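Just below sit the structures, each encoded as structure tokens.
Here come two complexes built around chain A, the first alongside chain B, the second alongside chain C.
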Partner chain A sequence: MSDEANKGLLSPLRRKLLMGMAAVPAITMLPRASFAQAPATSAVNTTGLAVTDTEVTVGILHSATGTMAISETGSIEAEKLAIEQINAMGGVLGRKIKFIQEDGASDWPTFAEKAKKLLVNDKVAAIMGCWTSASRKAVLPVMEQYNGMLYYPTFYEGLEQSKNVIYTGQEATQQILAGLNWIAKEKGAKSFFFIGSDYIWPRTSNKIARKHVENVLKGKVVGEEYYPLGNTQFNSVINKIKLTKPDVIFTDVVGGSNVAFYKQLKAAGIDLSKQALLTISVTEDEIDGIGGENIAGAYACMKYFQSLDNPNNKTFVPAFKKMWGEKTVIGDVTQAAYLGPWLWKLTVEKAGSFDIDKIAAASPGIEFKGAPEGYVRIHENHHLWSKTRVGRAKLDGQFELIYETADLVEPDPFPKGYQ
Partner chain B sequence: MFGDYSLGDLGSIFVMQGFAGLILFSVYVLMALGLAIIFGQMGVINMAHGEFMILGAYVTWMTSSFFQSYLPSLFSGYFFLAMILAFVASGALGMLVEWVLIRHLYKRPLDTLLATWGLSLILQQAYRSVFGAREVGVELPQWMLGSLHVTDSIEVPINGVFVMCLTVLITVGVAYVMYKSRWGRQVRAVVQNRIMAGAVGINTEKVDRYTFGLGCGIAGVAGSAFTMIGSTGPTSGQLYIVDTFLVVVFGGAASLLGTIASAFSISQTQSTLEFFMSGSMAKVLTLLAVVGILMLRPQGLFALKVRK
Partner chain C sequence: MTDNRFFNRSELIGILVLAVFLVLVLPLTLDVFRLNLVAKYLTYAFVALGLVVCWGYGGILSLGQGVFFGLGGYCMAMFLKLEASSVANTKIQSTPGIPDFMDWNQITALPLFWKPFSSLTFTIAAIILVPGIFALIIGTAMFKRRVGGTYFAIITQAVAAILTILIVGQQGYTGGINGMTDLRTLKGWDIRPDHAKIVLYFFEVGCLFVCIMIAQFVRHSKLGRILVAMREKEDRVRFSGYSVANFKIFAFCVAAVFAAIGGAMFALNVGFMSPSFVGIVPSIEMVIYTAVGGRLSILGAVYGTLLVNFAKTSLSETFPELWLFGLGGLFIAVVLAFPNGLAGIWGDYVQPRIDGLISSRKPKPEGWTDSSVADGAPAE
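Up next is the complex of A and B:
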């Protein structure tokens, strides 16, 4: 339009000259930052995402209020830390990450609504979010309909795979099998007692664990019990445990019930230094509420402990504490949430684009060598290759690493023979 | 399922199981007492009951942190002080709430349901803002942990015994206050006929405020005691509210004896069923039984006899 208007007034040569002169001060005024290396917005964003020449917007979608705030606070903190660190290193494709935080309020329809808002109104380039399986299931159709990208941090039951989700936590077989193998070998365990909260994750996990115990380890499950979410009385099941005398108590009790369960276990005289207990639901975050003295001696099976001794973790833990306070603890899911922004950054850089389809296609094979848990790589099925570790709870609320798998464990969200 | 076990094993398990039922019973009575006073005597449907309990739990947590930092030598006895402080804090908050909110709603009992539900949300968010969204761990003195070793297979949890003693004490206290003291007589008079009570010189507003405060204070003590067996977080109060109402409604409002009888029958049913089937199923059957009985007897187990 302006070109048309100028045509009559300026000769082509003079116009070029003027343009050049006008550009000189503009270029010199730019900060030394990376405009030269930053590709044009039109090239890296062909689908109308919230990407400008200097900024890219992502969404953070967790429960900051409601029951789940207890668990999701750590994830929010980790994601903010990762974003800040990435920005300090120059951002993604020369663009600073800006985030919009929405509150899912522990309510699954709210999660779906807010995800839609982030994708449709804010046009975010990616969403770091969700925690419970229920919230993820609510958000999934929205992500698929509006073609978004979700980085989901929690260890979960598997049986899901989507182009629009990267699962940065472990799926059930990854988390459980190595732990069961270890305890069977190390403790000679033959009989197991399962106890869990009554919803999809514990039930699916226990189903997988039962198949493994019965078919692979040739052991016996002497009890399998479920209690409603929020149950606070476990004396009856503790009596049953005493009666059946299992070699191992295998638990996936969650939330406030966890606290009640361990306190009552201790009160009933079950000494966790003698009775083996393997949990897949207690991280450092939960121990804060349970109290180290109530759970010391129990084994937990997951991929990350705050006490891990590797160079990445030794810079990660102090950075986290510097940002969020000396007393904060870092659990498995918090670490997995920290991976989300980094994996997204690496994928965007590999794809050379913010476009969702290109990111989804570029994701498999992405390696993150700076992960606090060590090294992770995205699998074809959008889950992560990761090591599985067993830790033993100590009085101070930290875990002592007892065992880790030699190699990365392959994610297998649809395990054959376990369904 | 009992074929594989020796007689001795079974005997001790039944003893332990009976004890588990008694502990559950005490827990139910303790959490329902405050509500029985507020709902039973005043007709206020207090949905924020759980949050008053959790205030007590947070007070306990603060007391324990204080003793750990400043008076570690007296740590083993801090719990008694914590319970008194919990009673005072929850009671004071209760009286404030009565003055600001509840007293305007005595003529609209159903609206108290909404108002106190809103209050519970406000309190939850307040706890979250003040104490953080994560759960806090209340450290207990050593003597309150573990169990009493009776025989090799019978072990009695100390915190269970503690809750039982506390429940007995508080129940006797409440019964005395309600049925023997002058103030209790005033409370009952106000409940039965507010206008007449006012006419004979009872300061009904004051009676209301103290009654509400007493109910909330007892909730605070319950919350304090439950730090031994449960979690302390901004939304932990929600874990108790359903069971609490169940016990009070099933027992028949306005009847202390009813509350106790109902807590006893619900807890025994549940803990026996839990032993023979899974926890979720036991809960379902217990609730079904309660619903069935309430259909036959809508006024609950015990109700005041009223001439119709």
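Up next is the complex of A and C:
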């Protein structure tokens, strides 16, 4: 359904680009050539952002220290890579992107403080940042009060939509529903056991999953358990799994807890090649810590895997490794973080301005064909249209793509019937 | 001899200098954003001040002050959150009129214990009474059984851990790990714009000075002397007929109430409250502020808090990936080289010189012994 719409959106854009390209040689003939190429700062920046004739400043706000550093480092790296690539192509509206990096230190109020600093003190034109829902919730009022623009990369629970945020990760229904449909059809799964970390994202995700299992798939949820963040003792829940023998273990355990969970699962003799396990919280980054041998055979529901076989990804992965080392792995969120600076650049160019209000208005319909996950487009609700994919973990820590939705899945942060 | 006086001359000068610094120098030199950061730092100064009374003078090391900071902060945040969750503001929810996080957790009516927090009077009373009574209960349970020292410190840590787990686990009622965000107005007055931040800053500084005066009063009264005596030789005080437990409970309650006021100020100034201020790590950080300032010095606590937090902000802005090492280095250096913190540096190096200058000009014997008795305690 989306393809027709794409073409409609595409052609005026392409025409504009072509016209622009045609105009470039003409402009260079003018005397003030080098200045004329970039539109005047006063025209593209009417609200006092940090934009000069040659530079535009953006903020990067993630945890470089603390418990979340292990997850957020990938996002920082991806954003820096995107910025470098955009600069190599000539920047945004003729201006090089300069970034100011701030450390949220895995502490939500610090995120709010640093976001405020970036907006009030540094007048950044956009912020690429946040990871956990808690940090986003802390930053959101700041973004709305001081009218900033946040590109948020993580898959999250939904129930939110803001003029001042572009959500480049999946909201819950986009991530979960297609995966559940697939496993119900493919494995004939009827009974599910939910295990999650105890905070808003797993609870909301499981609530949506439960409604889908019970109302749509006509299956049964035989258990639902939550553990505090950082928990390392999963023996009791593993015993319950052995007793209830669910067709599918559905997990959204986050962070370091995963290491303990999968090791104990293996030690308890649950063989993931026979027992189906679907996770929505383990990416290549986490497998780095868990160890491929402990999780091989598990299914993960994401929108991106490092192993994706498409031309964009084939240039993205080597570029990433060249900048950050051969051993780095690229998870779902890292890829989503990479989209942030690109989507912002495309939006600024469409709006012809760095002004936040114009960017917010211009965002819907922005499409990025160079995304490593494939084509993405921004929806009216500031989330991305993207595909849902299921991968199976391999011994070497990579995922093998098993299934992907035929079409882009529409983002629906306030899903009817799932609340 | 000085029992009925609040302060001696050097303390008076110190307080005046601090007043000039906080009321004139900082507001005139900093922009509103930085001033608001100072307001945030100063909320911890309340806790540090309480720790001076309880740890510095009473010798009771509490590693759980975050509990009281959190209780005060959550009381304030509940009031502000209720006001921000008017039916008009929460139209998109399935149940309008309740805080957003309740709606996300499928709670459809305001829980009973939230209801009184729609009254500001009740909230202000709760900010003082809830932590005060909680400290009274813990203090009575511990000190009446003569639990003290390390055991007490460990128990306070356990309380901090328990409260964090409780808050995170009951996310439908407390906002869980996200905390309470997006606090907007106080009785219809928007707390977010710049001019409100300035008003709140001066209000907070005013409260801080009231607390400093109370701490000064405790220190210079007989009560303060008994606290110091207790710290130095608990048994002697007990054998002299004093009820040691009651004095300890008092000091602990004062520290708890100070911390709670700080927490409430935090919610007002930052517009935010979360369990990350309640747990063990922030509680220990608060002890570090006191240690850096000098745990025997009331004013040192304020300067210590400001210095550590300022270092934290500026180091993390300059070296986003390495700043924790810098901060760690600062702590180690202070503890190794100056066990009595900033106040120790002042007392050992700066003060004698100033005194020397003054006395060489006009020799005037005055009773300095007072401060040397109270402050001359050895570091543990």
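The rule we apply is simple: the second predicted complex is superposed on the first by the 384 of 419 C-alpha atoms of A that agree within 3 Å, B and C clash if a C-alpha of one lies under 4 Å from a C-alpha of the other, contacts with A are read in each partner's own complex, and residues count from 1 in each chain.
Rule of thumb we're sticking to: a residue touches a chain if its C-beta (ideal position, glycine included) is under 8 Å from a C-beta of that chain, and two chains touch if they have at least 3 such contacts.
Predicted model, so just to flag it, every value in this text is computed and none were measured.
Check the residue A:Gly289 against both partner chains and state whether it touches chain B (first), chain C (second), both, or neither.
first
In the overlaid three-chain picture, which partner chain does A:Lys266 touch, first (chain B) or second (chain C), both, or neither?
In the superposition, A:Lys266 touches chain B alone.
Check whether A:Asn239 is in contact with chain B, with chain C, with both or with neither, and answer first, second, both or neither.
first
Comparing chain C with chain B, which touches more residues belonging to chain A?
B
State whether A:Ala112 touches chain B only (first), chain C only (second), both chains, or neither.
After superposition on chain A, A:Ala112 lies in contact with chain C alone.
Report for A:Ala64: first if it touches chain B alone, second if chain C alone, otherwise both or neither.
Both partners, chain B and chain C.
With both complexes superposed on chain A, which partner does A:Asp357 reach: first (chain B), second (chain C), both or neither?
neither
Tell me the contact category for A:Asn121 with respect to chain B and chain C: first, second, both or neither.
A:Asn121 sits against chain C, while chain B stays out of touch.
Look at A:Ser133 in the shared chain and tell me whether it touches chain B only, chain C only, both, or neither; answer first, second, both or neither.
second
Please indicate which partner A:Asp198 is in contact with in the superposed arrangement: first for chain B, second for chain C, both, or neither.
After superposing on A, A:Asp198 lies in contact with both chain B and chain C.
Residue overlap on chain A between the chain B contact set and the chain C contact set?
Touching chain B and chain C on chain A: residues 64-65, 198, 228.
Considering the complex alone, what residue numbers of chain C touch chain A?
Result: residues 31, 33, 37, 40, 92, 94, 101, 104-106, 165, 168-169, 171, 176-179, 181-182, 192, 270-272, 274, 276-277, 313, 316-317, 320-321, 323-324 of chain C touch chain A.
Taking the touch rule as given, give the residues of chain A at its contact with chain B in the complex, in rising order.
Per the stated touch rule, the residues are 64-67, 69-70, 73-74, 198, 224-228, 230-233, 235-240, 242-243, 255-260, 263-264, 266-269, 285-294, 397.
Within their complex, state which residues of chain A touch chain C.
Within the complex, chain A touches chain C at residues 64-65, 101-103, 105, 107-110, 112-113, 116-117, 120-121, 133-134, 137-138, 140-141, 145, 157, 159, 198-200, 203-204, 207, 228-229, 414, 419.
For a test of understanding, state which residues of chain B touch chain A in their complex under the given definition.
Against chain A, chain B makes touches at 5, 9, 13, 16-17, 19-20, 23-24, 27, 125, 128, 132-139, 145-147, 149, 153, 155, 157-160, 226, 228-236, 238-240, 271, 274-275, 278-280, 282-283.
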